[in-house]
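Across the two complexes that follow, chain A remains constant while its partner is chain B and subsequently chain C.
Take a look at the complex of A and B:
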């Protein structure tokens, strides 16, 4: 494969997605307050808080799965998985930066989550199953 | 001249932290079989160093920008402290990563011990200070980036310890094997028994 620059690129985009998720998680109530109109009810606030918190925790879990699979070496040297992961997490970092700065609605988080967190983990699991089942 | 002094200091430190590296152990069989490795570089440590080297510029840029953003909110003492910590950590990190690469890839114990000392004595306290001292007005982004750097440093502390121990044991075994190889052509191998009495380079021989 020649000089493989995909591996550090994948690692750095994974880390940047992790960092942005942690930043949103630490300021959860401020983010939720910012995305609601000024005359919101307490029920609205609780609903949106739960929505965002579930999304964030799922993102952290999926990032953990990807870190484990990446650092253990199963998919570290597969170019396709590295490409998918790099693009997805780079897109997630940019989208979540816009989420914070442009104050998106809380349900928009799940669009980012589906494309940029769930999809790479799905392909990662396909890779892991392929490595374990078909080559063991 | 200074390099020789540094090397001597690092070697004596290695002997203190990993005792037995300058003693004679005897030919234990587990060590013999382990010394059949083609290499003693430590893979987890090398991975940590490699990714740390890529992560370091981003950590530095983020820390500088965050410091510029919160500078007016710090007290006078902490303004000076934060600036000096960032400068010191930059210099130490560059030296530390370079020496760590050199020591692990070329399997040289003094460089690896120097890397480990720099990590344990300098980087670990500094990064823990940045992560946990609330008087430096820790912002959420700073918590995240310093947390990841702390994870790197702590992992390098633990894996560096095992890397040095393995490397030192390997070199001790290799040295003692080499001693016997040097003496074989002189004496033949039939009715001779070696009784190493003292840890000096020339074991005393007794013909039976």
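Take a look at the complex of A and C:
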């Protein structure tokens, strides 16, 4: 592989996705209020809060899994997994910045989640299973 | 002996791979990343494709010599029009005026520039004129982009408590559009008569209904920039005079641009953002393939692999 800067890039994009998820999580109330129309009911509010909270917690769990697999070195030197992870988390950081600034609807969070959190974790687990089970 | 660089040229390093490989997936992903985001950037930053544009033209306007005049007296009214059925409807109040009109082309460009109109209504000395309603019908044509042909109306209404001898006014016949013009072809939707000349129903000559129908049109005209003068003190045996000058001004018109005009401007906007993305994604691909993050066959310039 050699010195080429891919590993730091993956680390930085992971961290930026983590930070922006934490930012959304800490201002959950305001984000949910912003994405609802002015005349919303409290049932709407609760539903959207639950929706967003579940999405955020799942994202944090998946990011945790990826950090563990990355920092423990299992997939650190696999270029394809590094590429997938870098692209996905960079995309997530940009999309979630738009989520905050452009005030997207709460259900749009799940599109970002599916492409940019679930997919790299899935490939990560495939890699881990491959490394542990088939080559140990 | 000093050396200096005399000439350089690039040598290409080619990366080859099979169709089913990780490298192809990366390539497809990079291609999508280059082509699709510029659309989003260009569209979301407004003005991607032109929906409306403006141009200037002097319309070709002709007075159709159709007039309706109402003169309000203290307890009565006097009327006349060029429409026979209208006069029959108001039998008993109709009086025949003397009408003079001429249209002039001041700058000799073949397009008429104003209408000078004069109407003298004979009046008995005891009659006091308190109000005037005047409707003139014109024929309106545009030629530069759309071939628009329509009938239009100028409406003037003046009423006062002081009995008058004459009404004089100057105005511009201004165009109103509530939708942009098409960019080519003929538009004869409003060539219909504003006031029906053949109907025998009284409701077809009700002024309010006529105005309501007229104001619902997408394209119409009205008299704007009107300067009215009411002259008082009518002499004995003198008629009531209406003197008007109606200018036919040059108009600034809105139209919906055609396909090629839209594409001409949209393409450069897309391309300017595409150039940035192509540069960045190109750098990314060079990084990926140079460091062999996905395995490909590397063909250096001095080796030949078919």
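The criterion applied here is as follows: the second predicted complex is superposed on the first by the 136 of 136 C-alpha atoms of A that agree within 3 Å, B and C clash if a C-alpha of one lies under 4 Å from a C-alpha of the other, contacts with A are read in each partner's own complex, and residues count from 1 in each chain.
Assume a residue touches a chain if its C-beta (ideal position, glycine included) is under 8 Å from a C-beta of that chain, and two chains touch if they have at least 3 such contacts.
Quick caveat, the model's predicted, so the values are computed rather than measured.
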| item | value |
| --- | --- |
| Clash or fit (per the criteria above) of chain B with chain C on chain A | fit |
| Partner chain(s) touched by A:23 [first = chain B, second = chain C, both, neither] | first |
| First (chain B), second (chain C), both or neither touched by A:6 | second |
| Which of chain B and chain C A:64 touches, first, second, both or neither | neither |
| Touched partner set for A:130, first chain B, second chain C, both or neither | neither |
| Touching partner for A:80 - first (chain B), second (chain C), both, neither | second |
| Chain B versus chain C as contact partner of A:15, first or second or both or neither | first |
| Chain B, chain C and vertex chain A (Cα centres) - angle in steps of 10° | 130 |
| Shortest span in Å between Cα atoms of chain B and of chain C, once chain A is used as the common reference | 19 |
| Footprint overlap on chain A, where chain B in one structure and chain C in the other make contact | none |
| Contact set on chain B toward chain A in their complex | 47, 50-51, 54-55, 58, 140-141, 143-145, 147-148 |
| Chain B partner contacts - residues on chain A that touch it in the complex | 8, 11-12, 15-16, 18-19, 22-23, 26-27, 71 |
| List of chain A residues in touch with chain C within their complex | 1-2, 4, 6, 79-80, 82-83, 87 |
| Residue numbers on chain C that touch chain A, as the complex places them | 22, 26, 29, 287-288, 291-294 |
